[in-house]
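The data blocks that follow each hold one structure.
In what follows, subunit A forms one complex with subunit B and a second complex with subunit C.
Now for the complex of A and B:
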């Protein structure tokens, strides 16, 4: 009985992609692309309690350590995707232009298989953002991909709070059509989007004043706790990062000016396809930019996008990251980073930083992840080849010292899953009704109205 | 003279709403009695008088005035309690959409029930379901015929589905039916079409804000009551005031949550506001046993077990392993709840055929729940969850005479429910009568035909085909075919150009009852589809 139970638990853990390991892990003889201190050849990495404990050659493993031979393999920091809608059961609360009261944390789905696929592409962390339907969207969540664990385990402790803003075609709903009797939502223009933001900050300032007055006992009645304005007050107080979706340089520059008017710094300009046009201004403001590496001219406001965007921003000292905004593209961000070497000749380490250390800085978690350095979280990827090679695949993805994706184990598990499927399909409850049953349902292509910039058939929307 | 007095008494009883049937005393003898509160009695008698159980035991002599039934060894159970239904609720009396039905949201808003609430329909916790009930006994026939005497009933739509009522499934007036009202506050992970909150994100935030506002409202009211001078009086707010009993833990909150993450979200909200939590649905509660235990929550498990209902299309992908696992694991859930000592009950969860309830109960027993525990969940367990175990849920002297007499094995298809007592009133289930044929001679309404329609599901308009076939006598048959598969109309009615029907669709492997109403103007049709997910408009045109 006990044996059977152990076997069940082991099988369950395997099914979840979690190795039942504790204690030390030793990666032997790897080529390490540190993302902070260049490349280290033939080196070992010792992982203890989820942290990188030592990086040196010929480390000897303690007893009970799991040893991974990485001869001929490459190790990089885990990839961080600074714009993702993975593991979310809802993306947009599109009913209002200001939905700062909404929280991505409320809609997390830790069972989303896209997480596992992301791990298979070397992604270990992501910034999960509200969609771009509103001038001010919802509160973001910063997660690590601990697939198989509970929702709470995904949230990165101590990560700064964030919020989604959006400008341009999406929040002004340029493609929306209205039937008779429907009222278009304000704003309908780019200037209206900016006004919506300014209005929200003015309201937030008043709200903050009312809270301060009450605390100073100037008023008797406690102000209403306003879940919409609370996060905006946090922005004004520098306690919440703004991640602002936008394409055009004019409106993104306007946002930086608005932020300066209200005395805060924008965290990241998301997408920023025209960011190269005002790179010095971005550098001066201190915002990061998180971009698509290609996807040029895929919609009207993306017409001025160019391949050299990342290069020009990098040259101007702007912190650039490359994001996916897509469950599918998330799995090959390594190749997106390789492209910045081609377009402009960004050096290898700087290119790698654009999917590791730079997004870590943008998310405010660079003290614990983003590079292969001692005392950082052991968020590591073991690649079969140089990660910028199109032939490279991920062999193992490690999050805080635990292996959450193991290609060899995955392959071994497939026959097991196939057997489980056969067994389940044989159950009455899973059998299709025979004659007289409901007619077969022909699947239809369903357009996901709730996703904004996610791809449909490979292209960004 | 004596006879006359008796007649007078009967008349008086009638005047006070107590029918002769209630006053009648019955005895069921020679029965196996499952008391639930105590040991089963292998051969005994239950005496019923004036709506209550007068006596129960092995050596009871039926009173002289009792009508005695020899059960012939059949089993007497406490009447079954379906702890999550929409029984007795009348379709809302909104005007049917006219030609302007296509106007969409604006049209919808204009048809809202009048209210002084600051919140849109669907976000009004003050709605009391008892006000929407009707006391027509025939509407409960199918539930009663399956041995159900009691139900928790609540609204179908909205985020707040109304404050539910526990009702007995018989009675001459709504007041007489009610066992407890309000029983609980209900919250669904639904949205409000065309306005905030229009997504799960907004649903969570809007609910949270309402609870915070209610807490503050209570605080302001207290301040004002303590000393009104120098304070502006807090504006009356029925919606917020309706949440205060839940915040004070005087009223439990039922979250309609079937899947794992819905349950997790419900428990998160419950934790934030320290709510007394009941999970309704709960088919994946086996995955979150620890959380349920920590939250001290109860579960009302849906007997609408997931099953595969459609054959695969030749070019379809195989079903996801998750779906296959869900169907295999769901029947084991109640057993897991029992092992973890989490209070549980059962509900029909939209099952359209109540006979399936006990067939599925048999599957749940196979899944690892003992028969006794299942029957307890179906009776006393449910009564305990709603705080009425002192008056119903078991066969004890003094309790409400809610009883079901079953011949044969309860979990076998061959079972027969021979007698059902609701508040002491006897019902003898018959084979359901065939639907009344229409009055001959009336002309079928001119709305018949096939229509191409679009159901305006927010974010993903759903095309479909609506077939309306009016029959004589204002009866409507027909079907609705959408991406959710074909669905045959039931209980269809036609009044002039207006029509309505109920049907069942399959969403994520589960049956979901929807209510369709609309009207036809020339070649166009418009109306609404009401479902547990919310109400959405549809419109379309006739196929020539």
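Now for the complex of A and C:
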């Protein structure tokens, strides 16, 4: 019925991905914003086996190569969104304050149409994070947007493991109201959030001690396997990146100090809307910061957020990325990066890096993506004009050499989809009640109540 | 990471010199910040912006022109460089001059921090019929959303209430002034009606999702709600007639005053615009039927599907305030650019429209980029600019005073170093009601406090 209709149309959209090319692709005569070595005018990019094989002018294609004329167009690295909940069927396991045993990869939906819409905005990779309900949340997944493929194909091979932490209003459950019989969950204060983390790391340290003792054969009895503490031991051993949601400068600084106490480095401060207040300390610790460029005042702890945050962090040498945390905002991260040039005056390439190379570094995948360089994955976006122009749109998005979004093909397919839709609507099974049909079943919308912060898709009011 | 830091520092040095030079220049031209987070009101005077590229919006671009501001109004716009005696001269070379942008649907001043500071929210009055609730009495002139918004070139907004079915009356305000009256352009206009819709979901089951409603049931409910709304209009009409009758014949029984119905009268009589918030095609059609049945002056706000109702919108001369550039397509099988291309489709269909953020306040400053994105998806660039200047002025009924650079209009004037819709463009000077506004905001003040912290 309606569900069948949606499924059919989704399948048609998926077909776009299937039509993508393998083997050699040659992009001709583009202006390339490399994100690593400045701008290259009138140049070609040869893609072979999903990698960038050559960047030069006047490359001649082998027979069978797909040639894309990009005269007058701009090419950038694929955009990497370092804070996303796209394609997740669940966001928060909110029952405990430490849920390090949960894994985002267990709830991925590779058919989420939001992936396709993200590709249409030039996004090729994302860090999929557990929500911010818990001081220590679940394990993250780093994915590339290979829409139409199986879930396993999305996971980026070799990407470092990660985990979500959270501080402030969300893990305190500040907005939660309690009805009769319900008791608040610990913690309810910023003090308690930090102690929840400290307690978990003390337990993890003890667990690691018993593991080490067993490995060193000091004892023949192995410790009982602990799925909550295992990921935390990996953090202590520098094998898992912490991505820590937070707003206020004081609490995020407390986290850096806690990490230093336990001997690890925080991967990224997520949101970090007050990071500009303690940028030198962040630089010294060595954490990255992944921010919204200019969201503010949507909640109390976001009231001191300023659009100059990126500039101040950049000036202090901190690795800054600009994320969306939103299926909607993800589609226009190029304009968010452009704003960094206005708010403070970050140079163009550094601004572009904030949505490409910098998040690649934060996710630990910069050796294979994040810039237009030979031997990197061919994760590329072809834009109608300079991607920082408000009038630019994406023409093609390429992931590992395959075209996963093509605006011309998308437009060409619309009349066919429209006809298919009409045909499906005319079927007896889809007729309206009272005209011989049965009541259509309404597909269950995604549960959107537990997303983070600024994700207010379509809900300005 | 280490390399990045070094490279960044080197580049910073170059940029810093340029930025510092710019800030010093700017500081010498504008009033100094008083360090407060209040909205400084700027200073009045006679100003001449000379040698600039002038974009009047309603006329052709003047490549090398002069605009004179006097007594709060635009005194002249034209080619050449004659500066009246006593005028403060502003060098416009390399700069562009635009009219201040207008956002035709916001909650400016009625909303500060929705989550965690509920006491700062004055958008939604309780109850379903509040025609007498007036935004102009709820707007906080000292909201920090105001200074943050205007330094991005937005000078005028509609601030609209939101709760219930008949939400209350909006106000058109300039983003400058210490009191509500100082800010007011049109204190009472735009009665907001959240038009009843066919709601296929009602309530929410935790862990399951929204509860589905049978279509026929949903349609019946909507019709009942529309009938109730119609009754309010009939009551107001009858109330007005009773009042009129009494005014002519004092021997009639005196009709008791009813503030809610009283507030409805200019709207019921089609003298003032009613803003119907409505999205879906079927609901827009129903709203248009309502407007036609009662002979009202209507505006559609939201308007996701408005281009599908072009014939009726044009026939009834009902404009659309489109608030969904930054929204996801409403249906999973919509084209990915369904809403990005909304303004282009309305333009092609000949519908009168404006582009609006529909935002509560903090992100109204993105108005130019909403219009720019519409430009990326088929709206001609000149139309994109009009969609945030003269078109909203027309829809708000202030086109005789705002929305373009023409002699005699309110001097809401913005001077930029580039295309005003481009996110890379800086605002260099701005005037609201002829006053030179400091380019400071809550955000520049926090920036100044922390930018040099070591």
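The criterion applied here is as follows: the second predicted complex is superposed on the first by the 417 of 461 C-alpha atoms of A that agree within 3 Å, B and C clash if a C-alpha of one lies under 4 Å from a C-alpha of the other, contacts with A are read in each partner's own complex, and residues count from 1 in each chain.
Here, contacts are C-beta pairs under 8 Å (C-beta built on N, C-alpha and C of every residue); 3 or more make two chains touch, one makes a residue touch a chain.
Predicted model, so just to flag it, every value in this text is computed and none were measured.
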Which superposed partner A:429 touches (first subunit B, second subunit C, both, neither): first
Partner chain(s) touched by A:257 [first = subunit B, second = subunit C, both, neither]: neither
Which of subunit B and subunit C A:102 touches, first, second, both or neither: first
Partner, of subunit C and subunit B, that touches more residues belonging to subunit A: C
First (subunit B), second (subunit C), both or neither touched by A:417: both
First, second, both or neither for A:117, with subunit B first and subunit C second: second
First, second, both or neither for A:297, with subunit B first and subunit C second: second
Set of subunit A residues, in rising order, touched by both subunit B and subunit C: 417, 421, 432-433, 439-442, 444, 446-447, 449
Residues of subunit A defined as touching subunit B within the complex: 89-96, 99, 101-104, 106-111, 130, 138, 151, 179-183, 220-222, 224-225, 227-228, 417, 420-421, 424-425, 427, 429-433, 437-444, 446-450
Sites on subunit B touched by subunit A in the complex: 100, 102-107, 194-202, 204-206, 208-209, 212-213, 216, 219-220, 223, 230-232, 260-261, 264-265, 268, 305-316, 318-319, 321-322, 324-325, 327-328, 331, 458-460, 483, 485-486, 506
Touching residues on subunit C, where the partner in the complex is subunit A: 1, 4-6, 8-9, 11-12, 14-16, 18-19, 107, 112-117, 144-145, 148, 162, 200-201, 204, 207-210, 212, 214-216, 277, 323-324, 326-330, 332-333, 335-337, 340, 357-363, 365-366, 368-369, 371-373, 375-377, 381, 419, 421-426, 442-444, 446-447, 450-451, 453-454
Of subunit A, residues touching subunit C in the complex: 5-6, 9-10, 113-114, 116-117, 120, 169, 174-175, 276-277, 279-280, 283, 286, 294-301, 303-304, 306-308, 311-312, 314-315, 317-319, 327-329, 331-332, 335, 338-339, 341-342, 344-347, 350, 358, 361, 384, 388-393, 410-411, 414, 417, 421, 432-434, 439-442, 444-447, 449, 457-458, 460-461
